[in-house]
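Next up, some structures in structure tokens.
Look for chain A in each of the two complexes below; its partner is chain B in the first and chain C in the second.
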Partner chain A sequence: MSSAEKAIPRSLAEIPNSRPRYIGRPTNRLEDPALLTGRTQFIDDVVLPRMLHCAILRSPHAHAKITAIDTSAAEKLAGVAAIVTGEDARRWSNPVMTVPPGWGTHCLAIDKVRFVGEPVVAVAATSRYVAEDALELITVDYEPLPAVVDARQALAVGSPLLFEENGDNVMFRKLFTWGDVDAAFTDAAHVVQRDFRWHRLGANPLETFGVISQWDEVEGTLTCRGSFQAQNHFAMSRAMVFNLPLHKVRFISHPHGGSFGGKGGARGTDITALLSRKSGGRPVKWIEDRMEYLAGGASQAWDRHYDAALALDVDGKVLGFRVRLLDDLGATAEGWGAVSAAKPLTAFTGCYAIPAAQYDLTIVATNKLPGSPYRGMGPPPHNWVLEQLMDLAARELGLDPAEIRRRNFIPPAAFPYTIASGNEYDSGNYEATLAAALAMGDYRALREKQARLRSEGRYLGIGLVTTIEPGVFDWNAYAIVGQPGTGVPEGATVAIDLFGKLTIKVGFALEGQGQYTVAAQVLADWFNVDIADVRVIPLDTLSAPPHFGPGGSRLGVAVTGAVLGAAQRLTEKLIAVAAGLFRTTPDQVELRDGRIGVKGNPEASMPFQEVAQAMLGRSDLLPPGIDPNPEATYVWTAPGRTPADDQGRAKSYLTAANACHLVVVEVDVDTAQVRIEKYWIADDCGTRLNPASVEGQTQGGVAQGVGAALLEEAVYDEDGQLRTSTFMDYLLPTIYEVPMTVKQALCTPSPFAPLGAKGCGEGAMHATPAAILCAINDALAPLGLEFREVPASPQRLWTLLRQARRDR
Partner chain B sequence: MKPPIFDYATPASVAEAIALLARYEGEAKLLSGGQSLVPLLNMRLARPAVLVDLARIAALDWVRVADGVVAIGAMTRQRTVELAPEVQERHPLLHAGLQLIAHPQNRNQGTIGGSLAHADPAAELPALAVALDASFEAAGPEGTRTVAAADFFLTYLTTALAATEILTSVRFPMLPARTGWAIQEVARRHGDFALAGVVAVVGLALSGAISRARVVLYGVGATPVRAAAAERLLEGHVADAALLASASAQAAADLEEPLTDVHASADYRRDLARVLVGRALAEAMTRAHAA
Partner chain C sequence: MTSTRRIGMTVNGERYEADVEPRTTLVDFLRGTLGLTGTHVGCEHGVCGACTVLWNGKAVRSCIMLAVQADGAELKTVEGLARGATLHPIQQAFLEKRGLQCGFCTPGLMLSIDELLARTSAPTDTEITDTIGGHLCRCTGYQAIVEAVHLAIEKLRTK
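What follows is the complex of A and B.
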């Protein structure tokens, strides 16, 4: 296309429709009828001819040498078609790519195992039952090695080493300094410093990972169907693992039951690919069960030890913010977990104008499950540390938690605003969001109620936090931990068929967030048609335009940009044809409210569909040299992104959404139970493309935030055995634990993003754990207690309360 | 998570089921709701030769409220009893206890007899049975026999039932007049097995003194635990805050080492027991005065 191509519309007023019906209005999701009637085809519903089923034998040891593997009895079991071990993996594949590089293994353990649940042997058989029977016939001899389970011990001299060849367990270490942080702390009137511990927890989508891999030895190709969050990303990794050209790897992502960051199952995909190859090209299905997911899947993230400090002047203005983070990534860096330690750079100082900051980051390996991405990708623990320190500073200075935040907000006039760690916030009005939350909850009345109940011996806590949700992720944020790149493309192809209906072809599968609906809303409003006239079709990696898919709160914004760009290009094509039909020049023709006609002459117009029909069925009417294909593709990528400098500073995530959470909890100091009484959220994510979906994302984020704050924890004992291997022990929040929140929407549009929309998919997970922990600490304040661990389990709270009882 | 091969039988009568148990000589497992057994099968932690599904035995599915007793057939679903209006009206303690069992979905499948025979020490029904002096009817090759609740729960997941016996029914006596009750528990989430729980029943004499006290703890031992010394402290006295505090302290102190697991230490469970006994007794006293 020419360089004169129009910019992507940044407001609804710029689209060629005077009466848009869908964008910005709660819109029923196109995805839902099939989901609600059980007709959506998930990967476990897919049955291919001659398909085999895989079961995986996993390590019972946290750290051990493999001295012998005997599969001979299993090979003789009727129904077993193929068995693969680390030797097959070594022969046919490469170690998986990792971030940071050099901390990965093959999909099946070779020589030694590094965590409980690591795949060691895999079987393909005629059914999963037979495959699991076969596992019982396999013997693996181990020579146990000392395991290191604690991140601090992993740093100690003489610690067991996960990768001996690397010399120590330090996967990554860097000190980032932004501004004169030493001066800030030297000049401070107050310094508030604390340690914090966020224990391992992670994503638990309704559906675990599943895949069917098929190796074609004749064509030299690999085809994988599965629940991949980012199909193209996994296809690229497989091309590297199996030394295949990328166009010989086809990934077909199926609808999946949620992801929250880690859906993709690299090991399971590689293992089934090996089994398919060894069984002569039969398709091999593996459906990860929940116990496999909890012990060996994408279920764990953010195992963190923090030591952090705020420097403040006499008025409570924050001068500097220091964070030292020891991040325990587990056995390898295969799960993209390290990017979660890098992402906090994109909103390091939260909603506040803090001129100087420092991030002393160390990522270590231990004998636990490799960490995976999880909704929010790292900022949720970071936000908790920052917000809790703000509360503690307020207490030290005698300020209200609302007031100290107000004094430090980036003011509305300062946007776009570059924070100390280098990212640029597009827009915001944090004071308005705070004011809305305080008004909704009647903050003053809450404080009065709190005082009244305290006199009755009850401990109410009020949590008030303000956070940023960075939206529309960019690879540049992850450059510092070894993930190169600037810009993340998302493509869409828009077409009109002979009967005048519209199709959008995209490169991502249904995952639950409702982005097909967003795409259809945009196109329906662009051409002024009923949304039922638009169909969204997902394509595989070899058919779709360049794409990434969901991740980093990007896809709603990105697909809007792609559909707008494609619609704009398609409109230019229609106009070129229509100009011929109307015997005028293209600059005299426009699309308006679904009709294409001559500007200023309402008589000379026709429905846009008729122009497309002429392109497909009346070549005799077309101007010479015209492209007769009523279809156009556009690949959107965030404008203005920059590569990171040596301190990690970059224009990275395109948008900065803002929320204020206000929560009231009651702590039963005798039983150590925490009950959430009421929850309010004021939220500003710019233009809400589908407000109904934003509402769902927010409430879902609250649910996961409640789980993180109070319930969820992957517990390993000192030998590295996982003690939370089922949902009896790894506790997810249920409808009884999650409050329905009272919400208010504010709108400060993004000046940079399509239609002014900001990323909001990671939602309330950014703020909820911080809000609940701040509330608990507010409740405990009159007892002189501070609680600085996540989750705030009753056992931990009781231990603290009992200690206080004894001390009194 | 797929079970190994097993046979599956669906007897239509108790006699047929007993014959199957005898034939498989301890290698059989009764399926009576499956809320605990099926996960154990799928994890290959239980490996029975045969699964004897009791669901087709209609003669085990009934509720009768009469003569001061709520009698229930062993295969009656927990939800059926919970929703029976006469149970709700005439045995509010049993009704309240049933509502604490897991979630409605589990209670739709789970049976009264299944939970009692499984004998999880953190479950509500065994504690209710002990607190109410329930009696169990068991059928075996030698005929039927009655076992008192006090003699039924031997240790963790173990009852007085022989390998060839089937629990056929249970009788929960109703509470007499001037009697109050409470069931309180602390669980990680709504519907989880209790970290600690207590069933308290107090009867009042005309004088206002406690004539009869029954305090049964669950989740804190290998079986439901009767706090006998605490009961003796209470009986014959007019309840006040100090009495309830000493009774609850006694109940907690008398516990053998409670379980330590990923959710709660033995000390935390013991302390919860103390707090919950105090609260349950206070609640039961309030009801007793109102009764």
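What follows is the complex of A and C.
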């Protein structure tokens, strides 16, 4: 392509259409008719010839030596085709790669198990029923070892060790210091310091992970179909696990029933690959069941102990912010959990201009399920700590929670603004977002109502929190925990067929957020066609242009950039051909409202489709040397990213969306029940490519935030046994708990991102737990109580309230 | 384990007969034997509601029912909602109101709503909440689902 390629449009005014019909409007989703009629092909709907079904025998112990495995009876069961153990894994595969490196194992336990639910033996049989029958016939002898379940005990001298060869249980330790934080605390008029505890919870998409693997020993290839959130990443990891060159590994991602970061599946993929190899190349399907997901899948994140402090001057200006985090990642680092601890660097100081900060980060291993990503990837607990401290500081200084936030906001004129921990926020107007939330909820009236009800013995709490949602993730943010790289590519191939219809080929599967529709909206408006004339086609890892897929609030922005770039390149090709047809030079030709013609001469123009048709069917008309393919590919990556320095500082995430949540709860001080009364959200994520999709993401994030704040917790006992192994114990929020929210959109476009859009899938998950916890503490304040534990389950709150009553 | 039993049933108006192992769950039968894969499995222990189908007009969890229990029954699954390419008013309402994101829980949810709206054309808010309350949706936060139910009621009334 030409060296002077045009920049990707950063506003709608820059696209060649004077009347765009789709971008920025709540366009119906292309994905929906198939989903609504049950026709979308999820992985468990796929049946291949000679396919086998896998079942996995898992460890009942948190920590134990494996002394013997006997599979002989199972091997004799009719219908069993292959059985694999750790020995097969050792022979045919490598340990999975981890972040940080050196804390991983093979897909099946070798010599010892490290958590309840760890895979030990796997069977492939003619049906799942038979495979599970076979598991009953397998005996594994264990010699139990002492388990360490508590993160603080894992640090103690003499603690049981997860990986003896590593010498201790510390996976990662680093003190990040940004600015003169010691001086900030020395000079402070007020220091507000507290500890906080966030318990394990996780993604729990309604569809668990599933995969069908096929090992072809003749071709030397591995083909896997499955519900992979990031198929290319899976393919690369499998290439390393099986010592295969990447072009021999094909990953085909199927539509999946949600992911939220916690789809997981690496072990299941490796196990089915081993079984396929051992069964002579038959395809092997494994569909994780819910109990497997809860005990052994990607269902747990953020097991955190915080000690944090704010330093403030007499006026309530925050001078410094210190966070000490002990992060319990569980048995291994296979689930990218360390990345979750590093992500807060991208928005460490939230919406506030805090000049100095410090992050004392320790990540430890314990005998629990390895931690995985979950929506937000780390900031939800961090943002709660920051926002709760802001509220506590306001109380100490006698300021209103709204006022202390106003005094510390990064002002609108300061953007782009580099925060202490190094990331650059692109744009924002935090005061406007706060003002919108206060106006929607009639904040003053709420405070009056609160005072009135308190005199009647009722405890209303008001939570008012703000958040930054870093959007468009970049690997550079994670270099510091051992994940190298800068930039995350997302490609799209745009083509026009002989009949004049359009296709967009991408490297990611349907997951729920509606990005196919966004891609189609962008292309339909670019060429001014009906959106029904655009079809989006997902391709596998060997066919698609470089891609990553959904993750880190990036895909809506990234695919928009990719489609715009490809459309721009394709337009250049059409213009070159049309210039020949019109007997002029390309600089005199333009695309406008779906027609290609000579600038300033409306008579000399034709539908763009006709140019493409000439390219495919009239070589006699084409100028010599022209590329006759009406197709173009563009791989978008965020512009201007920088590698991290030794303190983790980098221009990492491209966009910074902002929201303000205002919630009213009532705490029943007798039953400890928390009822959410009203909920308002003011949200600024720049240009909304599809406003209905953004609202859906926000409301869905609120629901998960409510679950986090009040219900969800993976509970282990002191022996490392999981107590929450079904949906009867691990409680997802239902319609009875989730509030119907009132939302208002503000728009401060990103000056850097395609069409001014900002990443927007995770923000509500950052804010909702913080808002509800701040509201609970606001309700409890007159009782002199503070609650600093997530989830705020009735039993925990009740214990606190009862204790307080006894003490009085 | 290998002994089978002959069962027959009507699914979405079509008659099926098959030999099944008595232990086969209804959802595995629908999905695996009949190939009706629109019914999804979310938890396999009767909590999430994704596998809901109508059994003689009543919403049931097909993951904790056996196929043999459906012998002689009339069943309705998500494949029985639309007529050809024309979406059922409930489906159309879900599409217009964005009552779905990943769409995995949606088939079961729509069948519970279908049962409700077959019973009453003007359900109370409590009835609507209690119908949705039997289902877990991890994507939408339920708000758009409530709006979709109200729109479906309107569509069915003016049909």
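Note that in this section the second predicted complex is superposed on the first by the 806 of 808 C-alpha atoms of A that agree within 3 Å, B and C clash if a C-alpha of one lies under 4 Å from a C-alpha of the other, contacts with A are read in each partner's own complex, and residues count from 1 in each chain.
Basically, a contact is a pair of C-beta atoms (placed from the backbone, for glycine too) under 8 Å apart; a residue touches a chain by one contact, two chains touch by 3 or more.
What you are looking at is a predicted structure, and each value in this text was computed from that prediction instead of being measured.
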Margin query: A:P751 in the overlay: touching chain B, chain C, both, or neither? Say first, second, both or neither.
Written below: neither
Check: With the two structures laid over each other on chain A, which partner does A:P33 touch: chain B (first), chain C (second), both, or neither?
Finding: second
Next item on the list: Could you tell me if A:R723 is touching chain B, chain C, both of them or neither one (first, second, both, neither)?
Entry: first
Check: After lining up the shared chain so the two structures overlap, which partner does A:V715 touch, if you call chain B first and chain C second: first, second, both or neither?
Finding: first
Next item on the list: Classify the contacts of A:Y736 with the two partner chains as first (chain B alone), second (chain C alone), both, or neither.
Entry: both
Next item on the list: Would you check which partner chain A:D133 touches, where first means chain B only, second means chain C only, and both and neither mean what they say?
Entry: both
Item checked: First (chain B), second (chain C), both or neither touched by A:R290 -> both
Item checked: Larger contact residue set on chain A - chain B or chain C -> C
Check: After superposition on the shared chain, which partner residues are touched by A:Q795: those of chain B (first), chain C (second), both, or neither?
Finding: first
Check: Following superposition on chain A, which residues of chain A contact chain B and also contact chain C?
Finding: 129, 133, 289-291, 726, 734, 736
Notebook entry, point to check: Where on chain A does chain C make contact in their complex?
Noted result: 26, 28-29, 31-33, 35-42, 44-45, 129, 133, 203-208, 256-258, 260, 287, 289-291, 510-514, 692-693, 695-696, 699-704, 726-728, 732, 734-736, 738, 740-741
Notebook entry, point to check: So in the complex, which bits of chain B are touching chain A?
Noted result: 1-5, 39, 43-44, 103, 186, 188-192, 195, 261-265, 267-268, 271-272, 275-276
Check: Can you name the residues of chain A that touch chain B in the complex?
Finding: 128-129, 132-133, 136, 289-291, 670-673, 711, 715, 723-724, 726, 729, 731, 733-734, 736-737, 793-795, 798-799, 802
Next item on the list: Would you mind writing out the residues of chain C in touch with chain A in their complex?
Entry: 1, 21, 23-24, 31, 36-45, 47-48, 50, 77-79, 81-82, 87, 91, 94-96, 98, 100-107, 110, 129, 132-133, 135-146
